[in-house]
Every structure is written in C-alpha cells, then in structure tokens.
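The block underneath contains the structure these notes are about, expressed in structure tokens.
Letters are used for the chains, namely A, B, C, D, E and F, taken in the order the chains are written, and counting of residues starts over at 1 for each.
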Amino acid sequence: MKREKPQLIINGRRLDGRAPQDLRPIKIEVGVLKNADGSAIVEIGNTKVLAAVYGPREVVPKHQEQIDRAIIRCRYRMLSFSTPGERKSPAPSRREIELSKVIREALEPAILSYQFPRTAIDIYVEVINADGGTRTAGITAASLALADAGIPMLDLVAAVAVGKVNGVIVLDLNEVEDMYGEADMPVAAMPSLKRITMLQLNGVLTPDEFRQALALALDGINRIYQLQKDALRRKYVEASE
Amino acid sequence: MKREKPQLIINGRRLDGRAPQDLRPIKIEVGVLKNADGSAIVEIGNTKVLAAVYGPREVVPKHQEQIDRAIIRCRYRMLSFSTPGERKSPAPSRREIELSKVIREALEPAILSYQFPRTAIDIYVEVINADGGTRTAGITAASLALADAGIPMLDLVAAVAVGKVNGVIVLDLNEVEDMYGEADMPVAAMPSLKRITMLQLNGVLTPDEFRQALALALDGINRIYQLQKDALRRKYVEASE
Amino acid sequence: MKREKPQLIINGRRLDGRAPQDLRPIKIEVGVLKNADGSAIVEIGNTKVLAAVYGPREVVPKHQEQIDRAIIRCRYRMLSFSTPGERKSPAPSRREIELSKVIREALEPAILSYQFPRTAIDIYVEVINADGGTRTAGITAASLALADAGIPMLDLVAAVAVGKVNGVIVLDLNEVEDMYGEADMPVAAMPSLKRITMLQLNGVLTPDEFRQALALALDGINRIYQLQKDALRRKYVEASE
Amino acid sequence: MSVTPETPIIPKVKRDAILNVLSKGFHIDKRPLYSYRNIEIVKNVAPNADSSVLVKLGHTQVLAGIKLEIGQPFPDNPDEGVLIVNAEYVPAASPSFEPGPPDENAIELARVIDRSLREPRVVALDKLAIIPGKKVWVIWLDIYILDHDGNLVDASMIGAMLALAQLKLPRIDVDPNTGEIKIDKSQRETPLPLNRYVATVTVYKIEDILLIDPTAEEEAMATASITMAITEEGNIGGIQKRGLGYFEEKEFDRIVEISLSKGKELIELIKQYTK
Amino acid sequence: MSVTPETPIIPKVKRDAILNVLSKGFHIDKRPLYSYRNIEIVKNVAPNADSSVLVKLGHTQVLAGIKLEIGQPFPDNPDEGVLIVNAEYVPAASPSFEPGPPDENAIELARVIDRSLREPRVVALDKLAIIPGKKVWVIWLDIYILDHDGNLVDASMIGAMLALAQLKLPRIDVDPNTGEIKIDKSQRETPLPLNRYVATVTVYKIEDILLIDPTAEEEAMATASITMAITEEGNIGGIQKRGLGYFEEKEFDRIVEISLSKGKELIELIKQYTK
Amino acid sequence: MSVTPETPIIPKVKRDAILNVLSKGFHIDKRPLYSYRNIEIVKNVAPNADSSVLVKLGHTQVLAGIKLEIGQPFPDNPDEGVLIVNAEYVPAASPSFEPGPPDENAIELARVIDRSLREPRVVALDKLAIIPGKKVWVIWLDIYILDHDGNLVDASMIGAMLALAQLKLPRIDVDPNTGEIKIDKSQRETPLPLNRYVATVTVYKIEDILLIDPTAEEEAMATASITMAITEEGNIGGIQKRGLGYFEEKEFDRIVEISLSKGKELIELIKQYTK
C-alpha cells in the first residue's frame, strides 16, 4: 500500500458513486468459446476475465497422472495490454504463479475430482482488462466454465474482495481503491455450504475489522452467486429453446 | 527495407559485376563430415552453409513419434561469428525459429517419410558465413545431405532468392541487395516435378513483377539443380574409384 | 590471477598466521539433516559447506536410468549470500556447472555404483560461506554424506587445494591467497589407495613446482582423511550410546 | 528444432463427405469456396489497452491490442518509430494448444503479420519520432488467438489492421529543461498516421482444390497454404507458403487472382469498420 | 500451470493412530496442539552475508540471509529503500524437492513472507534512501529451507524477522564530486530501522481439528492451512489460506484467537533472541 | 545436476582387439601411442568473423572464430581488454549430441580453453584498453565442434590459439568531442598482441595404458584423461582431470613428461601455421 492516500470516500460515497457495501455492475456470459469444453466471461466494473476449461481429459505428460483422482491444472494470466501503464511482459510473473495456485486451491474443494481418476481438468484464466478484483472475477468465471463443461461440483464457487479504504470497510475494490486503500482481502466461498476456499489479506486490519470484512465479503459472494445461477439458467434456457 | 537506397545497378550491372539474371559462383561439396549420416557444404558467393542429416533413427523423446511416418526435425542456425556486425547471440532468434520451420516445410514434400514409420530424420543447417541467401543455400545443402544419407526422395529440392533492386528483377540477392533492395523473394522447388515447396516475399511487387520474379527464380533453381546433381555424381564417382 | 599482488607471506608466515604447510582449522559434523539419507557439514577456516545425499533411489526421469549401475547426480551450488561482494544470482553459473561435474567425477571412482543398477544417488553440495576451497570442502563433505547414507565405497575421498603464493608452495589456500596468488591447484584423492580422482590447476607452475605441490596436497589430504574418519567414528559412537 | 506436427486423424467417411462438398464448389457450411465467413468486430474490448479489437471470423476469435510506449529507435532507423508484433495461441483456443511461450506457429504468425505491415509501410513510422534519434513511439501490437476455427492469419491481420487504424496517439509534453517526456493518456487527438490499408488472403489447397477461409475441420485436410498480403493499390506486399505440401507452378495465376480480388473486399470491410 | 500436488500416501493404521492422538489434544511428539516445538537459533552462520541466521524449529531447518546493496528505488516509491524476498526449497531438505528454480510453493512462501513484512511496514523503508530518488539501500533477503519437518512459513518468518533485526547498516561515504557511493562493510553502526515486529502463525486443519506447528507427518494429513501475520500491536497484517481443503465460516473466531495469542508468544521469543 | 553419462557399449571382441593393438604401442590407425594424427588447417573460413580457422585433427573438425567488439572492462580489471570463450557441441558432430544450449561438457571445454589462455597470459589483455577504465577491446572467441572423432580439447586449443594469432585489430577512430569510437574493419594493421603460445596435451588412460590423441572409438574406452596446458617456456599453465576414473600418484611423472614433449611439438606446429 502506498503512502499518499487520496480521499477515496466522500460523503459516504466512493469515487465511482458506490456505497461501501455495493458491488460494481456485473455482466456474466457462459459458453463464449466454441472449442473449450466450458467457458465464461465475467465483467465486474471495468475488470474483464475470460475462463476456459478443458477436461476431464488424458494427462500429458503422463507422470502427472494420479491414480485415484483428476488433477486440476490452472493458469492465471494477464494479457499484455490488460493492465494500466506499460505493456506487461508475457513471461509469467511471480504474482501470476502465486495466483494460479491460489485460484486452483479456491476451486479444488468444489470439484468432485475423485469421479475422474487418471485425468486432467485444465483451467485457463485470461485477464482481458484489469481494474481490481481479477483473481476473484477469475474464480467466479472459472467455476462457471467448470459448470459449463459439465464437471460435477459440490457447489459453485463465487469470490469477491473486501477492503479498508479511508478507514471504511468496503466491498469489491476497484484498482484505485486497491492501490491506495489500507487493506485488500479477497475471499472465495461455496456459498450454499458456507465453506471458505480462498482467503488472503494484503494490508492491516484489527481483529474486529477482519470479522466485519469477512461478513461483508460473504454477503457480496451470495449476491454474485445469484448472478452466476442466472447466467447458467440463461444459457440452459437459450440452448433448449 | 531501408529508406536510403544506394545505387545497386549501374549500366545494367550489379555491384559485384553480375547481370540481373546471373547467379553468384557456387561451390558444392557432399559428404564433408564423418559422423553424420549425410552432409554437404554449399557456398554461393560469400555465403557458406553446412547441412548435416541423421536418420532415419529412433525418436527421442518418444512422444514425438508418429506411427505412420518419419518425423522431420530441422534446425537452422547462424554461428555467432557468421554475420556482419556484432556477434550474434547463440539463443535462437525468432527469425531462426521461423526459418527452421520454413526449411523443414520446403523439404517435407520431397521426402518419402511414409517409408520409415516411427523414426526421425534430423536436419541441422549451420550458417558459417552469411552474405544473403542463407535459407536458400541451406535448403540446397540439406537436400544434398538427405541424398547423401540415402533418404529416398521424390526429387532434390533446390532454392534461390529473386528480388527487386533499383526497380529491376534480379536473381540470387547478396546481403547488400537484400538489405537495400525493394523486395526479396526466396523460392524452393523440386525442379523436375515443377513443384514449389517454399515461397516467401519480403517487400512489395506488382502482380506482373511477381510472375516475372517467379519465372526467374525457377530458372535459377534449374541451374542450381544441375550443380547439385554434378556434386552427387562427383562424390559417387570418387567413392567408387 | 590479478596483477597487483599484495605481500601474502611475511617472515615465512601467511596473513592468517599459518606456515606454508598448515591447514586451516577444520570442523566436521556428520548427520546434520533429518530427511536426507546422509549429510555432513565441513568447515575449513571461514569456508562452510553442507552436503546431502539421497539414494540409492528410483530414477526420475526414467530415461536417465542405466541398467548396470547407479547413476550419480551432483549439484554444487553457492547460496546467494555465501560470497563476498554482491549477492550471487541464483541462476547456475558456468563455474557452478563445471564444478558440479568436477565434484561428481572426483567421487565416482570411489562409489560402488555397480551394486545398485537402475537407481540414482543424488549429491547436493550447498556452499553456505565461501572463503576459498569450497569445491574441495564440498568433496570432503559429500564423501562423508555418502558414507552417512550407507553407500558402499572403496575409500573415502578427501580433498584440499595447494597453490603458489609469493613464490612459495602453500597448502589450503584461503580466498585472498586464491585471488592474489600465482596458482591454485585443487586435488582430491582416495587416500588409502593413493588414487587421484580430481586435479585442476589454475595458474602457472614449473614441472618441479607441480611435483612439490602435488606431494604437499596428498600430505594435506591424508590429514583431512583422519579428521573424516574421526567424525564418522564420533557419529557412530554417539549413535550407539 | 522444428518438428513435423501430428497429422489430425480424419475418418475416411467424413473426409470423403467434405471432399464431395468442396468439389461442388462449397464449404461444409455451404458458403462458396471463395467467400469469407461472417465477420463480427467488437471494438475497445480492453479499455486499458491503447487500442483493442475482438475479431470473430465465423467461430474463430482473435483479440488484438496495442500498448504504446516511448522508447529508443533502432540504431539503423534513428528517425523512425518502432512496431513490435507478437502473437500467442492461447491454450483456451484449442485442445491442441499448450500453455507456454509462443511456439514456431505463433512466431511465424507474428512475423507474417509483421512483414505484411512493415514491407508495404502500413504505419508511417517516419512520423513517429518524438526526439529524432533518441525518443520515438514504440507500438506493441499483441495478437491473442482465443478460439481456433481456422484461417488464423487472415483473422489476425484484420485485427492488427483495425487495432492500428483505431489507435489515437495520446498527447505528450516534452519538458524543455529535463527533456523528460510525459504521456497524457486522457487526451487523445491524432490518429496513428497510416500510409495504406493491407489485408492478407490465405489460399489453402485440399487435394487439387483451392479455397479460402476454411473452418478448422477443413484446414486439417489442407496440405499447404499460401498467404498473400494485398495492398490497397493492388500490389503484393508479402507472401508466405506454409504446410507439408506444395503448390504447382501453374496454380499461381489463380492464387494471385483470388488474393487480389478477396484482398480488395477485406480492405473495404476494414475501412468500413474504421469509420 | 499450477497442478494438484501428489497426495502423500499415509497407511490407514498410522493415520488412525495420529488422529487418535490429535483428538486427545496432543501432537504425535506429545506437545499440546497449540504449542510450538523447541526453537533453536544460530546467528551469523554465513559471515559473508550482511546478516544470517539458522532457525531450527524441531527438525525443520531454515537459513535466512541478507545481502545489502546500493541500488535504484522503485519509480513509484522514489524515496524508499527496497526489500526483495526470495525463498528456495533446497533439494537436500526433502526427498520430494527437486533442484531447479523456485516452484510455486517457494514463490508463494516468499510472497507471504514479503507481504507479512511489507504491509505492516516492519522495515522503515522510508529511512533507507541514501540520495532520494536515486540511490537507496536494497535489502536482498534470501530464505533457504534446509530440512523440511513441517510448518515452513512460521519458521521462515522467524528467520526473516531475526535476520532483519540483527542487521547493522555499514558505513557509506558519498563522494561529493563524483557522487559515487562507497560501502565500508568493516564499519557497521546503525541497526536497520524497524517499525515493529511481526510473526506469522499458521493454523492447520486435520479433519475437524485445528492445530499449529505440525511435523511433516502431521502436515501431510492437513487439508488446509491459514497463515496470519500478527503484529506487535495485536493486529492482523496478512492472511493466506493454502491447501486443497476449506475452512468453515464459524472456525474463524477460533483461528483469530489462536493466531493472536501464539503470535504474541513468538514475537516475545524473537525479541529475546535479538538482544 | 551433473549426471553420470551413458557408457557407450563396445562389443567385447572389438574391445579386446583395440586393447591388443594399444598394448603393442599403437593406435588402431597404426600411429604410435604418443603421436598426433594428421593436422589440417583452413584459415579464414568465415570472412564475416574477425578471425576464423577450421582445424581438422584426423576426422575431428573444430571451427574457431572471433568477433571483436568494443565494450566495457571488468570492474576489477579496468585497464584490460576482455576475452570471452564459448564452446558448443554442434549436433551435426555426433549422433549423441543434442541441439540446445551448451551442456556441462561444452561448458567445461570452454572453461578449460579459457583458463589455458588466461592463466599463462597468452593474450596481452593489458594492451587492449582503448580508453582505460571505460572502453576496451572485447574478444569473443567461439568454438564449434563440427565433427567428433576424439580429443576435442587439444583440437579446440589449436583452433583457439590460431584464431588469436591470426587476428589483426581493425583501426579505430575516437571522436575527440563525443568520445564515440568507430571501428573501421576495412583497415587492419596491428596483430593482436600475444605474450606467448600455449598448447594443451591431453593424456588418456585406457586400462593401464597412457596415450594421446585417441579416436572417438578409443576415447570411449578411456576411464579418465588429464589435460595439461604447456607454455612455450615449458611450464604447466593449467590442468584438468576428467572422466569417471582416476590416476595413480606414480603415473604423474610420465604424464608431465609426455605433456611437455608433445606440447612443444604442437606449439612448433601452431607457429608454423601462423606465419
């Protein structure tokens, strides 16, 4: 977090006009690619993330295979022009390597991997435009792409970040709030099972603020969950028309 | 192509004294290495290229194997001191990666790959000195190395570049003509079958110029083809003496 | 070797007070890691090297396997903060790649590799602090780690460098003597069999100086050999107490 | 090493069916052999890019985006801006694409697009010097193949051309004292100076049949292809033959004819979308 | 690609035995579930480092070392020093670690340590500028896992914290004419300026049991873990959930409680060793 | 990781036959054990190099070439030029060589050549400063093994030595105002200043037999080798033992004797070719 903190909340409103507990506008589309077994695009504010899933399929290289379960492979990646500022180098950054793991581990608890021994389920998360919340949008999109691919899951996984900005706990940080805020806490959960599958905190919170932030995140996750289900229903209805 | 175009043709003659339709002096030697199954050196003007072939041999790594044919593997590479100017970094450049593919695809149509299932034929093209036309000299040399290795082919492949220099269509560009000319068009063909296996154009030609250039290239290819056959005959005769 | 040679021997004594034929103080500990099959730390002066051994174990990747013997795999590496001056990049340097080979070849003649076909014996040499003689300390430590792992050997391998400093042949060069001396000659041997398994020379010696240096090295190696045996005995006694 | 790719296995029944349709002059989706699929353009898909466009050519999807930076010119062209083209086959785009740095196919694609822009001088690089010899505009053009249903080069070239044509240069201020240059991306006025439009037309060969814009299924049956970059003026600004097969000398008249006519068509289309 | 790791196979008998002990409130080595193993600290193990420390947490061994250099600040923080954290799982440390560049586990470890230092502003980076905007202290903190017997994050954080707390800045002389800066490492006076101490506490979950500081054997049975960085002041300065499993919402009160109390304990310990 | 190489399989009949010949004091090609094969030198094979030479030692072929650049000196030797030696085993040279960056064998070869040149100060690097402390000659010496029929080190060293001895420095002009240095490669006058000539002699051990210059077939039977760099003055300027085997203490008198005598021979030969 940087030192110079611009005023990000004025008269109880954030710079983009939202109240602290508001999500940004969300647009979800499922089944956007022809070749992938499953795919989805999630837009939340100016953040736009594409997720694609292949599998269960044969494991290459073979030595990665596990005899009792499907392996999950996941890559999170930012396209070179997706970020503000200079062109991002296409070489995987340490951040991208970490987030690929974090996203995989956010999804693993939901996937019924033991139904598909000796196979791989590949998840590709491509960030098309980054304006805060790309990992959480990526998880939300990837879980839909898994559903679109027909992979059995205990529940969808939905995700959103909460944070602390000018001393206020707020939902769904955008890039400016993430950069100049005091804390950023991305959370993922299987909403109907109340299981938290991802939790990170960058920044400092008191124990009380942490509890408050976690509650707000779960509330936001429930709202996103409804949109996920709508999007799947929409695709199903369209397909069966 | 650069903007400052020096006068490259004066009184119908090129800077090295050639007429537009002239090839540079060519020297071909077949069977120049002990270990390789086949090898050849082609010198054309100051360009000097060594090609070596191993195979058909076992495929390592095994997963590259194809059950119904031999795979062709090809690497085109410039030695670090082969170019004018600074030392060339030994890391494969994007140009070298592209040309490895282009040379492979120039040779593939000639090789009877289906006679050797589950094997590999490896072609190494090493540019010792680069003065224009290294890819075409590489194809000419590689096709001889394949013949020297006893790999059955429909025909030899011979190659040469044509181009446009000071508005004139010329055969067999050297480095200066390539650098300052208006267009450079390398062509490879199986001469006796009139099949074109490689064609690239860097630069701009009118449709008429293109047809004229292609005809001149095929004429040059036929002349090189004769020299290839002479070189093979020479080696065969020497060997049987 | 650098040109400015400071006075390194004054009144027959080296800068650290040693006579030419003196070793630095040596501390050896065997069995310092829980997970490794064998391990040892060797300190000689301010040089400190950790060696760990795993094996004989299954060979991954499988294609490295040899049907009639164990393969030895060895990596010599300097930790990023182990050297004087700037932080060492963690990418393997050409020096580290060479020394990994040199250390492996110093140990190979002692290991009864043919008793364990189709397996691998892995040796990791980690330089914790570098003050001259890291490769020789690494060999001394690795041979103890092999013994600690129960790998059968013809003999232990012990190693030390000799050199020429201000015209004098000296034993066990430290960093300053290595840097400013006229020659540095690391030697490894199986002491009881009088077999020399490693020999390098950086610098210039007359044939006579070479013979003198080699003799001094073998003398030092014998002294280190006694310390190796003591350390093993100590561990064995402690373990059986 | 460049390695012979695995040949996709096409069942004989299907192969014969496709050949049958093609021999009647139609694609398997009923288009005539020399007509492109429906082209859909979505502009500004990545607002953080200086220019971006999504091209859908049938089910093929290509995302082209540009980042502008200020950098140094190449020493041999000190007074010109710099254009750098990269391409990547995103693993989402096909079950056969793998994650990792661009392979030879992606590198070849990028280099063919690069030459098709560079040789006919599409971008007026000579107008992109800021401080001649020292500071120039650097255009990073990145092409991502998102969904592969055939004919990637032509789709990529449409994306590249549109991304360039849409690009507006941001305002820059050169501090006269320090010489430092600041970009103000909130202000964009000047369109990128272009000399001409170019399109590529790739002619594929399946058995003896020449055709354009195949689907992935058709493309898998092609033995070779030839890409021609066609300029507004009707010239050929670049050629690349690809594939394990060959072309016969006599086929070139037809190839040039098709390329010139379809190239003109594509350029018209690109110009319409540019407005 | 991040790939599901191989699950270590634990025989059912052993598994049951461990669960039985854990369910009674004890680790397999008889400690209570919420107590750390014995911690041993060896200072200055690598004299060529500017600071170094070996941490033994039970049989887990971690070596942390620092190299100081003078370098350029990051453009967005021109007046601050630079802290760079790297971690490596040395192949000596476990039969399952392989030589090579840091994998995702090592990268995640380094980034968790980095954030646990950076977000609570442990190091007063604002006091590490030498020539503001141009020359600052660069702290390279490297963490090597030498022996893996569980709970690597907490052990690494103790090592990182101690290596920083022990570090004394060498004297520097700035040549007023050339502006060149010379470091005189023989003279060390000023301790590195720190704002506060921080420790991480990692809570692991085995079936429904929460515990800290597992051995490698226990850790292999955990489905998930959550690391909290705890500051001197009792705040949470970073969180990272890891593993294939999940936590339930209701478990968090307990996790926070454990982390705060054990974090305080560890900070006391670190402070003692710093004296 | 350095890994035990695969041992080439030599049929027992052949092995016995070779041993039989060797034990009589001859190579399989009928030379005495301590004589080199025929050496053929082709100069200036790569005119774009600043110096190049092809060395044929029997069927072994090594191509050595030099590129000169102007660059910065090493900080610890500000007044000296820079010599950088690289080596590559071209995959054309042997069925067992693979394409890719230099492996440990190529790196060791390059480093042995480098030390054999550097330690006896073959090149007078102190005469290669252009602007002391700032600009010096950088000599890139690249060695390519084109055909491997044994004894690569000695062949490479002959190539390295000849490439250096043939090299003429191009004229340079230092612009007094800008300080820019221009190389005029069309004008070459000054030979590279050398202090002395050096050759390496590699003694191989097959069973108990010592020999030099083996063919690849013989070399595959050697358990160890020792390379000694011999200077004009008869000193030893570098040593490297290689291979899975060992030497006995008592063998060294003989090894030194052979190396001194054959080294002298090779230096004579190199000098002849230099004229």
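In the analysis below, contacts are C-beta pairs under 8 Å (C-beta built on N, C-alpha and C of every residue); 3 or more make two chains touch, one makes a residue touch a chain.
Source: prediction; values computed, not measured.
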item: Required minimum of steps from chain A to chain F, each step between chains that touch; value: 3
item: Contact distance in steps, from chain C to chain E; value: 1
item: Most remote chain, CA-based centroid, reference being chain E; value: B
item: Interchain centroid distance [CA atoms averaged], chain E/chain F, Å; value: 48
item: Chain centre separation (chain A, chain B; CA means) in Å; value: 51
item: Centre distance in Å when chain C and chain D are each reduced to the mean of their C-alpha atoms; value: 58
item: Residues of chain E engaged with two or more neighbouring chains; value: 1, 99
item: Touching two or more other chains - residues of chain B; value: 75, 122
item: Cyclic chain order when read starting with chain C and heading to chain F; value: C, F, B, D, A, E
item: Chain D to chain A touching residues, read off their complex; value: 45-50, 52, 59, 61, 63, 65-67, 69, 86, 88, 90-95, 99, 101, 140, 142, 144, 146-149, 216
item: Partner chain D, residues of chain B touching it in the complex; value: 1-3, 64, 66, 69, 71-75, 94-95, 97-98, 100-105, 108-109, 113, 122, 183, 185, 189-190, 194-207, 210-211, 214, 218
item: Chain D to chain B touching residues, read off their complex; value: 1-4, 6-7, 76-77, 104-105, 107-108, 110-111, 115, 119-120, 126, 226, 231, 234-250, 252-253, 256, 260
item: Chain C residues touching chain E - in the complex, by the definition given at the top; value: 33-36, 39, 46, 48, 50, 52, 54, 57, 75, 79-84, 86-87, 90-91, 122, 124, 126, 128-131
